[in-house]
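Below: a set of structures, written as structure tokens.
Next come two complexes, and both contain chain A; in the first it sits with chain B, in the second with chain C.
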Partner chain A sequence: MLDDRITLTVNGRRVTRPVGANYRLLDFLREELMLTGSKEGCGAGECGTCSVFVDGRLVKSCLMPTLKAEGASIQTVEGLAPRGELTPVQRAFHRTGASQCGYCIPGMVMAATAALRANPEAGIEEIKERLGGNICRCTGYTKIFEAVEIARDVIAGRLPAAALEAEETAGSFIGASVRRIDAPAKVSGALRYAGDTVMPGMLHMAVLRSPHAHARILGIDTAAAAALPGVECVVTAADVPGKDGFGVFVHDQPVMARDRVRYVGEAVAAVAADSVETARHAAALIAVGYAPLPGVFDPAEAMRPGAPVLHDYAPDNLVKHIPIRKGDVAAGFAAADLVIEETFATQQVEHAYLEPEAGLAWVDHDGVVTVLSPSQNITHHRHMLADILALPVNKVRFIMSPVGGGFGGKEDMIYQGMLALAAIRTGRPVRLVFTREESVTSTAKRHPARISYRMGLTREGRITAVSFEMLSDGGAYGMSTEGVMRKAAILSLGPYAIPNLQIDTRGVYTNNTPSGAFRTFGAMQSQFATESMMDIAAGRLGLDPFEIRRRNMMRAGDTTHTGQRLDSCSIGTVLAVAEEFSRWEQGPPAVRGAGRGDTGGPDTRARCTLGARFRSGPAADRQEVA
Partner chain B sequence: MEGRWKRGRGVAASWYGIARTATIDRAGAWAELDDGGTAKVVTGVTEIGEGILTVLAQIAADELGVRPEDVTIGDNDTARSPEAAHAGATRQTYMIGNAVALACREARGRLDAVLAEIWGVEAAVIEAFNGEVWARGTNKRMTMREAVDSCKRRGVVPVGAGHFTAHGTGLDPVDGSGAPWQAYVFGAQVAEVEVDTLTGEVQVLGMWAVHDVGRAINPRGVEGQIEGGIVQGLGQALMEDYQTVDGQPVTHGFAKYILPTSLDIPQINCRLVEDPDPKSPLGAKGIGEPALVPTAPAIMNAIHDAIGVRITSLPATPERILAGLAALRAKAIAAAE
Partner chain C sequence: MLSYDAYRRPRTLTEALDAVAALPPGARVIAGGTDILPWAREGRAGDVHVPVLVDVSGVAEFRGWTRAGGRVRLGAATVFQDFLTDAGLRRLFPAMPFCAIWFADDQIREQATLAGNLVNASPAADGTPPMLLHGAEVEMARRVDGAVVHRTVRLADFVTGPGRTALRPGELVTAVIADALPGYGGAFEKVGQRRSLVISRICVAAAVRVSADGRRFDDVRLAIGGVGPVPERLGEAEARLAGKPVTAATIAAAASGTAARVASRSKVEYRRAVVEGFVAAAIADALADAGHPLAVGTTGEKADA
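After this line comes the complex of A and B, so read on.
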């Protein structure tokens, strides 16, 4: 399929290569030239991880056909500085801790470089606008802004070059803001993530996924796919030699759908071939017979008798119920002067790490099945894969590659099993890299929650009783639902001493995209409700929001909602510091808004209005515009 | 036109448990003082972006007496490194940090015993920092390079192993009682928002975040975790919404699944509270997950303060804000009539 030759200049070197007509500039840089600093985050020009300079202009290389770059001069992140050196922008990113997972960082460095090339005097609002096409999921952008401002000032000579160096450390390295040891590799694009890794003889995998939310599989015909030239193997559930099931708490999910599909995007079959294109083509040739089944898409409906059942072991579709009881709730409500009832809802949320799932599997000389992937839990994955492959634990090896953002989303062993099966079948290394759409639709989300809340308080604002009930859609497989329900329940009522309480959290199966682990593991959903209730109560009682929290907060020696005695408890200090630090003006939450005297301080930003890059451009530009 | 934009402020508090929930948690590590005064640490961890490799290098450097840049951390590999369990649950610094500290103490113990013999001093007076080793109260001093070399010439390789345990207990199946964690952290955040009452858009202009982290190993790294947590919380509060229709995903890319960008970022102000954990060698607790717990409710409380609309269903999209304002107006008209 290499039908054309192209000549262009990349990082100062002239390159002539055959290219496929379907090759994007990003593919050419990564696959032909092994310049893997440019990442594929979305393949649709929306995230900026693939940013490069083409004839000096910042371009998203996932949108540019390689053949359009004929004769062009390309600069990638690897070419910004001579090998072993870093530009002031890269050094500033290192200095401020602007890289976390690092996956967006090469693109972010390119965008920052472009911003300062376009306007070396760019102000912070203009810098923010010029970085607006690049998504970062880890850092909250704040340290990136700081880095670009430092780089700008060093380049302009307003700050000494020493501003890019490490801070001095005296006496102890603990408590010192030592620069990140992984940052130079991240800002230069040198760090290789799983999807950047290649091995000799490596095959590429594509996965066929279910278009149905719930269906019986009548048959899978892989003959046409297997016969396609370049295809080395097709694997399905029938190829699993051992006990087929994975999950964080209950092992209810097969490596690939077995007899039934339970959500849209569930893996049904996988192909390993000599190129990604061939593997995808072959996957499309697999014929699957489906008999659609009634689905259930609402967690409350899933609990009703007669609802479609997803898993035989759970005829009521209940994954987990966590009850917590303390004191006498009826007596607590009877003693209340005020009882507030409210319901809350939170949505499903996507992790949106910039690194889509990727992995590489091979069988080594000792017969050890090895999987390299950004897994957040290689210990548990090794145990599960050993059972799936019917191998001793020490014949399965997991290597955790640098994780380009996890947030809990890479705790599920959702694709490593397919890779291992294909590596065993072919005897060759096999690599799988998810597309963004696959990553979004087939992996776990944050649990959505519906919460019914009842809180009783005295006139003085002391909580006398709480009844808290949360229902969560766990989706088609158990994944982390059990643990999320547990943590949501334990932490639900916040850092408050509540004598009488009743907490119930339930996670249920539906035919929706599964929910799983996501940073806070259920605690943000439940505490969102509690912290909203505290302000509603403060409003009704005419109390300052800090004051009502102080009146109820746990103190050392108190017991938690699960009856655990706290030897120390810092919430009192935390509230006092927050009140002073935020210059909080006391008063009840009664829509004070415009009447407040504490808004618009120097520790806030100005309202964002677009167009800073036009208003503050170089003088010459302004004249042109005028 | 100024009446169009309304400002408000809100606060939310939070708490969180450190390491695995309602179970015993464990982590192991190996350490070696290596040739040239460098060090090797091997444990089941790699970077998920939180900065753990730097934190471990700082801990190892401090315990061993070398510099963070002298520490090499081995890959996380089930066939090559000791188990440190998983990368999540706000457990990395607490579990693995303490395991590394204990492994390093054992390695240093081997080195110090040899030096004590060479110098004729008690091992307890030997100190090391930044590549230098000395005996307190004497003029005995050498570089770590020389110290490791002396150790090896006497046939001793200064290696150590360590593990750390956190004792959580399971919950009672009936009343949920139990001690799920041995360390808790607390936090509070204040949000300042501006609501455009014409479009329903909410901008968060300021966040003040105060978190107890036990002991901050790397304060700048802790700030980075807080800033990132706040922006993820802001995304969930205002814009992110994964949707399916009869199980079919309809937000399958970044064109439809909206994420915070550089233009959505408030001024984030961080202040750390250090209430050291008494049950672990380092006193550090954690920040990864706790950072985003109070963000969404602080923003919702601020929206209420600004316009009187109580958003109980996330996210607070412009449509929901406008619907809330319309309901308030209808209520006011009904009351007037």
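After this line comes the complex of A and C, so read on.
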């Protein structure tokens, strides 16, 4: 065991502290000094949420062993401005709204500060490049870059300090750039996410996950893990007192695998110990006996008779089938001058929010089991957890911590149950912070879909009939599949008025990573197919792609194919704006080619070149006179 | 997660050599440390416990660089960022600013050492091809009967295979010694899964010097990485250009055939398709960097990453 102390200067204060054997500078700042403005988004130097200055150079503190910083002077986001004040860079981020979930923002502020310290006159290309080591997932880079340019110009005196203040709203907020109320906490690093939260006596959790896609669990031997010094408890499905099952629509997923694992990465057991290192070590000591079962990894195969069955309640592996029928499809195709048939496939997508899943659970003085986590659905989680723990609902409390990006990926209660069980068992607060790898391998993804599409049109481009069949891989558990299938079906044909149609969406169990909620909730997959069909049809009929959409679009007063009357309809406006702003060259798709006028104009990106900081200088400055 | 029982930070070369003289099995030497921490994670090595980490980044003798005649001695602590921020290094290593800018972001470049990149000996190491242009040698030191013994081997001989080098137990890289190439234009072409912060699939480095009127190739140096077990110079293509007129045709002729160098076992067709384009693009970019760009329209678009 490492028994070292380190002395260094942090934000102007000299500190001497013991160092954990696994502590990176990031861990030291967060766990030892409670400077949680530096975040861990990836642990591998990719994302920049952990950026700090070490002796004036910005580095990624997740890539630095703490002892490397012996004697160094560290500046973190907390040290940029005196308490209660903000630097011009931070104020500019506040001004432009460059702080959505806020998780990447302290790192972005640090990178922006470093960029302007390195070159106070940096142009936009150089700013982008100097922020290149920092990733954002929800703010979007435009507001961030805008903020850095404003800060640069204010610092240089080209813009008045008022440029950092709120925009005048003149009585109405509509159309005005309104500052976010929560932005100061985000740009200063003060906001605490679940993984930043500590409680006295807090334990740390590590989860043992399945290496098998489908296997029977023969036994789980936790003795060696439980005996490890520092381990307070090991929990498995056997510890669940109530009705073990959660899910958004069907409660088919146990808190931890019960008798069977159904995907690689499924939680099998969890350890609570006095350090993350001990908990991880103990989890590795748990011996699980598995008898591998045949798996099914393709949704079409999963629907065939004789395919491995994942859940007894669904012998056909079908999670949900949503059919929609309208008009006379056969007659519609008979009336068509052109029938197009295509198939489309989309892939799994990871949400990749910068805040990995994290939570903290404890049992309060009244015996109320409390879970703090970035849950996107706390009321539902509360009710499910009460059933799982066999407690009245008023003995379960959920607190929603700030969500460092969710995009639907934090709707499922995949870890809160384990935390609650461990808190009950130990009587102590227990925290779990997913690693990035754990977040990628074990949490829900966007549904991969296969779509068979048939569309009939008249010569004039009016759609006469559509047959739309979508098969989605729901993965091992139901999660949001039912809702996603519903939304995919409802929104499948886009904003188009179609007299005759048949729509079928099906979500199917497989032994793949579960699919769940993800922005658009299924509409992205289905509308990708519909919009592609519109372009294909425009090409085949010699019509302008905007025009064919106008000929088919719904209008105010129309009724959608699920029976909703539309009092207003904005598709016409959307098309007009898109056409104007894209500098569209009218005509069928085939007429565009070398002469297209929409590249190289304003708002378009130039070809990738790196090296803005030295490309702008004259080449001659690098020539040496011999 | 990487954990260790002891962390040593030698301050002098002799302290460093003493620290590595009798390391227990599993001990590791680090400089910037930017490779080892991501390595000790799920999906790669998993949780790793090592008995000793020896951090040589603070060794006084490893700092800075000196020039002696036509050669430059780069201390082992030289980081990639130095090739962007140090005007002297930029002048003498024309391809390195381009290599550095593609290698990683500013923050990783501040930590990652050139010597560490060479010692890791990845077939796709970005630092190796540009250093081959400079006829680099790797200087090493070890303790022999109490005395500090130095030796130097050519970089081409230092990297013996994927992850393998000529470094002996108890030996440390102390410097990289390389040709100074003032007056050359430099270029570095790289393609990976995205545009930076990513391991190269293929990279090509070039340093080009032309005659005073810019019409003839005087000296062309080309090196390639990611297409075989070790990066290497493209001697044949270099020879085909020396003394030839600076035209798209001579460049195309020299680039043709370089695809044959692809010896990787994966993505062979892709790599072959990219290599010739990269060689031609690297030469064109190096000419532009030297202040003698090819006339517009005489070369194809540079392959996009």
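Operating definition for what follows: the second predicted complex is superposed on the first by the 600 of 626 C-alpha atoms of A that agree within 3 Å, B and C clash if a C-alpha of one lies under 4 Å from a C-alpha of the other, contacts with A are read in each partner's own complex, and residues count from 1 in each chain.
One rule holds for everything that comes next: a residue touches a chain if its C-beta (ideal position, glycine included) is under 8 Å from a C-beta of that chain, and two chains touch if they have at least 3 such contacts.
Keep in mind it's a predicted model, so treat the numbers as computed, not measured.
*Asks:* Regarding the shared-chain residue A:Lys60, is it in contact with chain B (first), chain C (second), both, or neither?
*Replies:* second
*Asks:* By the touch definition at the top of the document, which applies to A:Ala114: first (chain B), second (chain C), both, or neither?
*Replies:* second
*Asks:* Have a look at where A:Glu277 lands relative to chain B and chain C in the superposition and call it first, second, both or neither.
*Replies:* Touch partner of A:Glu277: chain C, not chain B.
*Asks:* Output check: A:Ile174 vs chain B and chain C. Expected answer is one of first, second, both, neither. What do you get?
*Replies:* Touch status of A:Ile174: first partner only.
*Asks:* Once the structures are superposed on A, label A:Glu437 by its partner contacts, choosing first (chain B), second (chain C), both or neither.
*Replies:* both
*Asks:* Would you sort A:Arg428 into first (chain B), second (chain C), both or neither based on which partner it touches?
*Replies:* Neither: A:Arg428 stays clear of chain B and chain C.
*Asks:* So in the superposed three-chain picture, is A:Glu46 touching just chain B, just chain C, both, or none of them (first/second/both/neither)?
*Replies:* A:Glu46 contacts both chain B and chain C.
*Asks:* On chain A, which partner's contacts cover more residues, chain B's or chain C's?
*Replies:* B
*Asks:* A:Arg506 contacts which: chain B (first), chain C (second), both, neither?
*Replies:* neither
*Asks:* Applying the document's definition of touch, where does A:Gly132 land relative to chain B and chain C: first, second, both, or neither?
*Replies:* both
*Asks:* By the touch definition above, which chain A residues appear in both interfaces, chain B in one complex and chain C in the other?
*Replies:* Looking at chain A, the two contact sets intersect at 44, 46, 129, 132, 134, 437, 441, 607-608, 610.
*Asks:* Under the definition above, what is the set of chain C residues touching chain A in their complex?
*Replies:* 1-7, 9, 30, 32-34, 37-38, 41-43, 47, 53, 55, 57, 81, 84, 87, 90-92, 94, 97-98, 101-102, 104-108, 110-111, 182-183, 185, 195-197, 288-291, 301-302, 304-305
*Asks:* Report the residues of chain A in contact with chain C in the complex, numbered from low to high.
*Replies:* Chain A reaches chain C through residues 1-2, 4, 21-22, 24, 43-46, 48, 51, 57-60, 62-65, 67-68, 70, 111, 114, 118, 129-130, 132-134, 276-277, 280-281, 284, 435, 437-438, 441, 607-608, 610-611, 613-614, 619-624, 626.
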